[in-house]
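What follows is chain A paired twice: with chain B in the first complex and chain C in the second.
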Partner chain A sequence: MATEIALPPDLWDAAANPEGIVANWFFTEGAGVRKGATVAEIMVEKTSFDIAAPADGHLHIVVGKDGVVKPGAVIGTVDGG
Partner chain B sequence: MSSNRIMTVSRAISEAIAQEMRTDPKVFVMGEDIGKYGGIFGTTTGLLAEFGEERVRDTPISETGFIGAGVGAAMSGMRPIVELMFVDFFGVCMDSIYNLAAKNIYFSGGNYKVPMVIMTATGGGYSDAGQHSQTLHATFAHLPGLKVVAPSNAYDAKGMMISAIRDDSPVVFMFHKGLQGLAWMASPEAAATELPEEAYTIPFGKANIVRAGKDVTIVTLSMMVHRSLEAAAALEKEGIDAEVIDLRTLVPLDRKTVIRSVAKTGRLVVVDEDYKSFGLTAEILASVVEDDPAHLKAAPQRLAVPDVPIPYSRPMERFVLPNAETIAAAVRATLGKVREAA
Partner chain C sequence: MEASPAVAGLAAVAGKAFPTSFSTGVRTFSTAQAGLERQEWFGEDLTPDDTPILMAWQAPRALIVGRSDARLPGFARATEELAAEGWPVLVRRSGGSACPVSPGTLQIALVRASAGQGEIEAGYRTLASVIETLLSGVNVLCEAGERPSAFCPGRYDLGVGPRKFAGLSQHWRSRGSAIVISTAASVIVEDDVEELCHVVNFFYEKANGQRRCSSAFVTDVKRARSGSPLPGGILTTILRTRLSDTTRKPQAFSGAG
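Here is the complex of A and B:
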């Protein structure tokens, strides 16, 4: 079963800055990740947010590096197979 | 313990510092905006939360004060890491660096050690003008008593930072802003690497042959490793096989690896993002011909900033910094080839 890597809806104030970008992925597509590992970095203006893996499994990237995101966006999934 | 993480240089540096702080209570950090902000180039991110204000000390804008304090702390048995935010700011605190940190081991007849790391941001290419864009590699490498290192990727940055912290001499750790992998500044993809979880060291004075080749030797370091590899990839399509050497450290300088390579290829191009005259490019050329002038089959080429302040204007800055095209052209010149018009 795949678990979504979703940005928290209140990660940043969307009224002030509607969009952020995926600044970095720290694992490649298909890589094995552990729950809690920092998998991605989101940048909004000059502020960075680390995003953790929600489960153990294989990473699937939905929004690639430099992709534009809004709060709540699903940027990837972790396949717990 | 292997890892499949692909980490940025900035994260590699902050992880190295954190791991050394966990195992050695003598290690602490000082600098401007290194606490709550985490270092403006991400070198100390997360340290304040883990280690507290006693060991992660935000300083006023007073480089003379806190770098001098670092020298004193080092001589008293601590292992300070001080961050000089931009290497360009060395002008206000150079006495602490080159008369105190660099010379006190010598002046004390070896009775004092100065186990201190001065980490500092170098490099241009992002339109930040002449007092925020220099590398100044040779300025520090010229002065006896300092080890000077400049990694090109995350794996080297972590290992070299740990080596720097454990070294009993002062080490100037020069990281290039454009390699840090910061969200707000573009970085070459190859700067981020797989990064082992455990602490490890990389010995100083050992250059890395990052691309083996037989036709020409390109000697470089820091950001210009990536530009040189781009040039080598383009030259491969023309049938030119370039060897690229990442020096990794200026002091100590691995002359042996350079000489061995040039003895093989007979052709030499040196690429540096520092100023051209009286610098690294000349030092490498001199080292090769001092060993044996017959190593060279053709006049060597050197690429560096042509002795002008780094321009703020983007097109002018691009013009003065070496890039893949100018490096490839220099390689062709050593081979007596001029690119045919397309």
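Here is the complex of A and C:
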């Protein structure tokens, strides 16, 4: 079962800064990740947000590096175990 | 290269700020690595009910780059060559691109914990106001706005006219249900800005990165200051003293509120 890596809908004020970018993925597609590990970095206005894996499993990237995102976006999934 | 026409006084970015308190004085570290590590894990025990705290530090030379910079194809080569020139390269967690640290710069960080929606602007406004208050005491007027041809440009660049002397960035990390927010500034107090820009350009050239900066859009606080000239090193001492004195007690920075 896949668990979504979703940006919190209130991560930043979209009215002030409508979009951010996926600045980094710290694991490659299919890599094993542990719950809580920082898997991605989102950048908005020189502000870097660490995004953690929501579960143990294998990472699948939905929005690649430099992809544009909004709060609440699903940027990847983690397939269980 | 041209400066942004959007350079404006701090009033243009004013809004809600919050009171801060201080804990550590201005520390001098033997390496920038030690200072950066201290800054990045400072305030780890803060809760959303706590007053935000400030720390300030100085350290020997280093080039502090963003995490994306560390993935440039020539990063290892750039790091090796700059280290040989006396500029170790460090990777920071906060946003933005390469920024030099030196004994002529002051690093100031504001750390707080939040339970609710992230508001990017509040941290920037508050720290910009701290710096504005600090520098107004030495006859320097801060103007906020991006200087796109300076190094590590951003909307909360601080400077005079087209020239930047300070830049701000942030790092947010989750800790349980709270978010720990670190807003950091690097202020060029008195240094050779030509050399600082050369180091940044050298890094991107060797790392095969696209970014470049121009010293025509960078200055230091000493040059931005009006009034009679001060001997070398005095301005840094004055700012360190002012920073320690004004932040030992809780402050409400009404200038940004």
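Going forward, the second predicted complex is superposed on the first by the 80 of 81 C-alpha atoms of A that agree within 3 Å, B and C clash if a C-alpha of one lies under 4 Å from a C-alpha of the other, contacts with A are read in each partner's own complex, and residues count from 1 in each chain.
Definition applied: a residue touches a chain if its C-beta (ideal position, glycine included) is under 8 Å from a C-beta of that chain, and two chains touch if they have at least 3 such contacts.
Fair warning: this is a prediction, and the values are worked out from it, not measured in the lab.
After overlaying the two complexes on the shared chain, residue contacts for A:E19 are found with neither chain B nor chain C. Contacts of A:A31 after superposition: chain B is touched, whereas chain C is not reached.
Of the two partner chains placed by superposition, chain B and chain C are both touched by A:S48.
In the overlay built on the shared chain, the residue A:E4 is in contact with neither chain B nor chain C.
Considering which of chain B and chain C touches more of chain A, the answer is C. Counting contacts as defined above, chain A residues 23-24, 41, 43, 46, 48 meet chain B in one complex and chain C in the other.
Contact residues on chain C toward chain A in their complex (touch as defined above): 66-68, 71, 93-96, 116-121, 124, 152, 154-156, 167-174. Of all residues in chain B, only 4-8, 181-184, 192 touch chain A in the complex they form. Chain A meets chain B in the complex at residues 21, 23-28, 31-32, 37, 41, 43, 46, 48. The touching residues of chain A, when paired with chain C in their complex, are 10-13, 16-17, 23-24, 38, 41, 43-50, 52.
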